[in-house]
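Chain nomenclature is as follows: A, B, C, D, E and F, assigned in order of appearance, with residue numbering initiated at 1 for each chain independently.
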Amino acid sequence: MTKLTHLDDSGAARMVDVGGKSPTDRSATAAGFIRMSPATLAAVREGSGPKGDVLAAARIAGIMAAKRTGDLIPLCHPLALDAVAVDFTFEAEGIAVFARASLTGKTGVEMEALTAASMALLTIYDMAKALEKGMVIENLRLIEKTGGKSGDWRAA
Amino acid sequence: MTKLTHLDDSGAARMVDVGGKSPTDRSATAAGFIRMSPATLAAVREGSGPKGDVLAAARIAGIMAAKRTGDLIPLCHPLALDAVAVDFTFEAEGIAVFARASLTGKTGVEMEALTAASMALLTIYDMAKALEKGMVIENLRLIEKTGGKSGDWRAA
Amino acid sequence: MTKLTHLDDSGAARMVDVGGKSPTDRSATAAGFIRMSPATLAAVREGSGPKGDVLAAARIAGIMAAKRTGDLIPLCHPLALDAVAVDFTFEAEGIAVFARASLTGKTGVEMEALTAASMALLTIYDMAKALEKGMVIENLRLIEKTGGKSGDWRAA
Amino acid sequence: MTKLTHLDDSGAARMVDVGGKSPTDRSATAAGFIRMSPATLAAVREGSGPKGDVLAAARIAGIMAAKRTGDLIPLCHPLALDAVAVDFTFEAEGIAVFARASLTGKTGVEMEALTAASMALLTIYDMAKALEKGMVIENLRLIEKTGGKSGDWRAA
Amino acid sequence: MTKLTHLDDSGAARMVDVGGKSPTDRSATAAGFIRMSPATLAAVREGSGPKGDVLAAARIAGIMAAKRTGDLIPLCHPLALDAVAVDFTFEAEGIAVFARASLTGKTGVEMEALTAASMALLTIYDMAKALEKGMVIENLRLIEKTGGKSGDWRAA
Amino acid sequence: MTKLTHLDDSGAARMVDVGGKSPTDRSATAAGFIRMSPATLAAVREGSGPKGDVLAAARIAGIMAAKRTGDLIPLCHPLALDAVAVDFTFEAEGIAVFARASLTGKTGVEMEALTAASMALLTIYDMAKALEKGMVIENLRLIEKTGGKSGDWRAA
């Protein structure tokens, strides 16, 4: 039967014990999208060019959140990340975010990448919400991971 | 022309000054969804019943994240929340989360509700990711807000 | 039947909604004790006099923890404390701590006082543990609260 | 003469330098107890079964606090914990907590285990305090540690 | 004789009790400067224009640090800031920062403005330190405050 | 041409990837100064002797801030510090602080030492500001680093 690794036999939540594992190189990339109207998108684009800080703020928010993942997700291990990067692309109906985290460690960085992407998207929402409350965050997911016992993985 | 409230005339990011506003009753409700396979859904459901902590952990993660919103989203004000609640419903293809925050204050709690929903969903992802890395977070959005200068709002 | 205020009808944890309450003056005092051998006690006393920082460090730890109570206890409200003070008395078999917190707000500061006392005692343990691992924290409790709907209260 | 390791020769607080130490496997288990009336105990038990989140919330609070120990106890090192687990047993006059932390590192995890136990107990207090303010936390102590230069230790 | 408000009669540190004070409008502006070589200054300037995030990152760091002042400075009150803004000017021998914070509250925001300025400058140092380790932070000071019992004040 | 290591080719901020580096012994020492009037200096000195906690509080603030550097400076790596020490010397026109951090790791601890010095100085400012708002923080700088690819360095 399938079983959740974060529950013990009694169903109690716990951090998975990674004590017996050896550190290996690991990385994860997450992606997500925030859908918005053309008018809002134009405002964010204008506020992110030579004259504005919007995406820079969202990028910093994502990077800082990645470093705090173990403080936010109850059963995540605190990790000494080697690198975090957050990038954006303007698309026709919104903005896509890509967040990549990596470390040499005993456990993967999927949650760090997902947390970074999530907080970057929420920061865009925050900065544009006076223009459009109906923006929607979509398709937040892991797109790739490398390393670790389960090996490499790529979203279908 | 539309303009982002979180940028000054030079495009620099700033916290919007709420100094001249009077505290009023405000609330916000956000929702989101995590799509997963039937097998994973069954495992989460089993790990959330009498025998397991999954949704309790996700709920606590969401509530605690709501209280830290001002610490995570760069331009959010630190807020003295009156209440936060996070609920889940099992649906056919995944789990829906609803997060509601309220306060009597000078600025709204949309970001607190969205942050709670986001972290609750990521916690579910974390606890089930050993079973299925391809789970997707979808449709994370504000569904309602009340109070404040812009008045009540409800997603279409 | 008695019912826990922090659970809703379905048993789900939630922050109690204080939205309808008016701010009033509130205070709480907590106390606790750390039992240790005479040799350890002498070392702490020596490290806390003109030449040492032990109790100063424990006091600061307690005060800082009080300010973070809402970040540590899942269902506590974030509070704008008016004051926190932490004091110690050397007794024959250990050190007693007293922590007092106060605010003008919608909810009480019992948890802030208890968290301050707890962290102050743990800091003493930390600084003296190389001498004696068997120190015991005892009798950590609320000794008094004032204000709020439930009025004044004093431990029997 | 005994001397506190966390003070330098002038009595100033400092983090003990672990730079010359090699990482080894270490663990620590702490325990504590919260004494309460039969009526409160019954309410907590009811709120922790199939229908309630009380102990799940306390467990999560303990695990999250363990990860923040270095942020709470002034002279503790920030540690990359391998595992944290928090368990409870209902006893006749209250609830016992056991918290275990482990890592492969240069310094022990006694404070992480004690902090987890302490915050789990305070969370129970918080959730039940509307029923009984006079609950008392007792006998919070280290019960066992393994590894490190000082070797294994078990409370008498 | 002069006396430090943050010490009680026994010399123990404490948070000043602001419980009897009424909230009033307050603001504070701090300034500071980071001195660097012309080559480093040119690199920062290039990394802060249309093509780079340096000052945006420093601005966000300053704003976020202001919100955490009560978490960093042991005896500061946690404050519900109304606004924070951080600005920079390029000068001949380095970069000047100006940080302004404001709130309606019982205590001043001098420390919030100073913390914001300090962290913004340290972030610039961090981003440019591979080019020049000898950069120096100078003249970090309060330049103006308004409101509160002690009234308005401006640096000589 | 010089280039900032914390920006990618498009000018976007990122954490420098330290994944390919081997851990080595590293240390950094930062210094700074807070200038104040003789009357304020006398009050701080009196509040720091046998009867007072001023410098103990500042020391703890510095040590705790060093541990949080990765949480405050956007592009700093989270680091497992081996040691942090903060010392003060009374001088004729103010107080000098020296902060030293060390670790065995992949990246240096310059920012940790600078952050510790900065927060220690700001804590002194906070505790004495009721006496003199015009105190100035000066000459905050790195004075020495050891280890790492760039080797040892000492301020001129």
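Observations on the model:
Methods note: contacts are C-beta pairs under 8 Å (C-beta built on N, C-alpha and C of every residue); 3 or more make two chains touch, one makes a residue touch a chain.
Going by UniProt, the chains are A, B, C, D, E, F = Cyclic pyranopterin monophosphate synthase.
For clarity, every value in this text was computed on a predicted model and none was experimentally measured.
The chains that touch chain B as well as chain D are A, C.
Matching C-E against the pairs in B-E, B-D or E-F identifies B-E as its interface repeat (over half of contact pairs the same by residue number).
Of the two chain pairs considered here, A-B and A-D, the higher C-beta contact count falls to A-B.
Both chain E and chain F derive from one sequence, and where they touch, over half of the residue numbers involved are common to the two copies.
Averaging Cα atoms per chain gives one point for each, and the point farthest from that of chain E is the centre of D.
For this pair, chain C with chain D, the centres built from the Cα atoms lie 15 Å apart. Distance between chain B and chain F, defined via averaged C-alpha coordinates, is recorded as 36 Å.
Each chain gets one centre point, the mean of its Cα atoms, and the points for chain A and chain E are 30 Å apart. Among the residues of chain D, those in touch with two or more other chains are 12-13, 50, 53, 56-57, 59-61, 64, 68, 74-75, 78-80. Taken as a graph of touching chains, this assembly has some other topology, since it is neither a line, a ring, a star nor fully connected. If you check each pair of chains against the touch rule, the ones that pass are A-B, A-D, A-E, A-F, B-C, B-D, B-E, C-D, C-E, C-F, D-F, E-F. Within the complex formed with chain B, the chain A residues making contact are 2-7, 10-13, 32, 39-40, 42-44, 47, 50-54, 56-57, 60-61, 64-65, 68, 72-76, 110-111, 114-115, 118-119, 122-123, 125-131, 133-142, 145, 153, 155-156. Taken together, the chain E residues at the contact with chain A in this complex read 49-50, 53, 56-57, 59-61, 64.
Of all residues in chain D, those touching chain A in their complex are 25, 56, 59-60, 63-64, 67-68, 78-87, 102-104.
Of all residues in chain D, only 8, 12-19, 70-71, 74-75, 77-80, 105-106 touch chain F in the complex they form.
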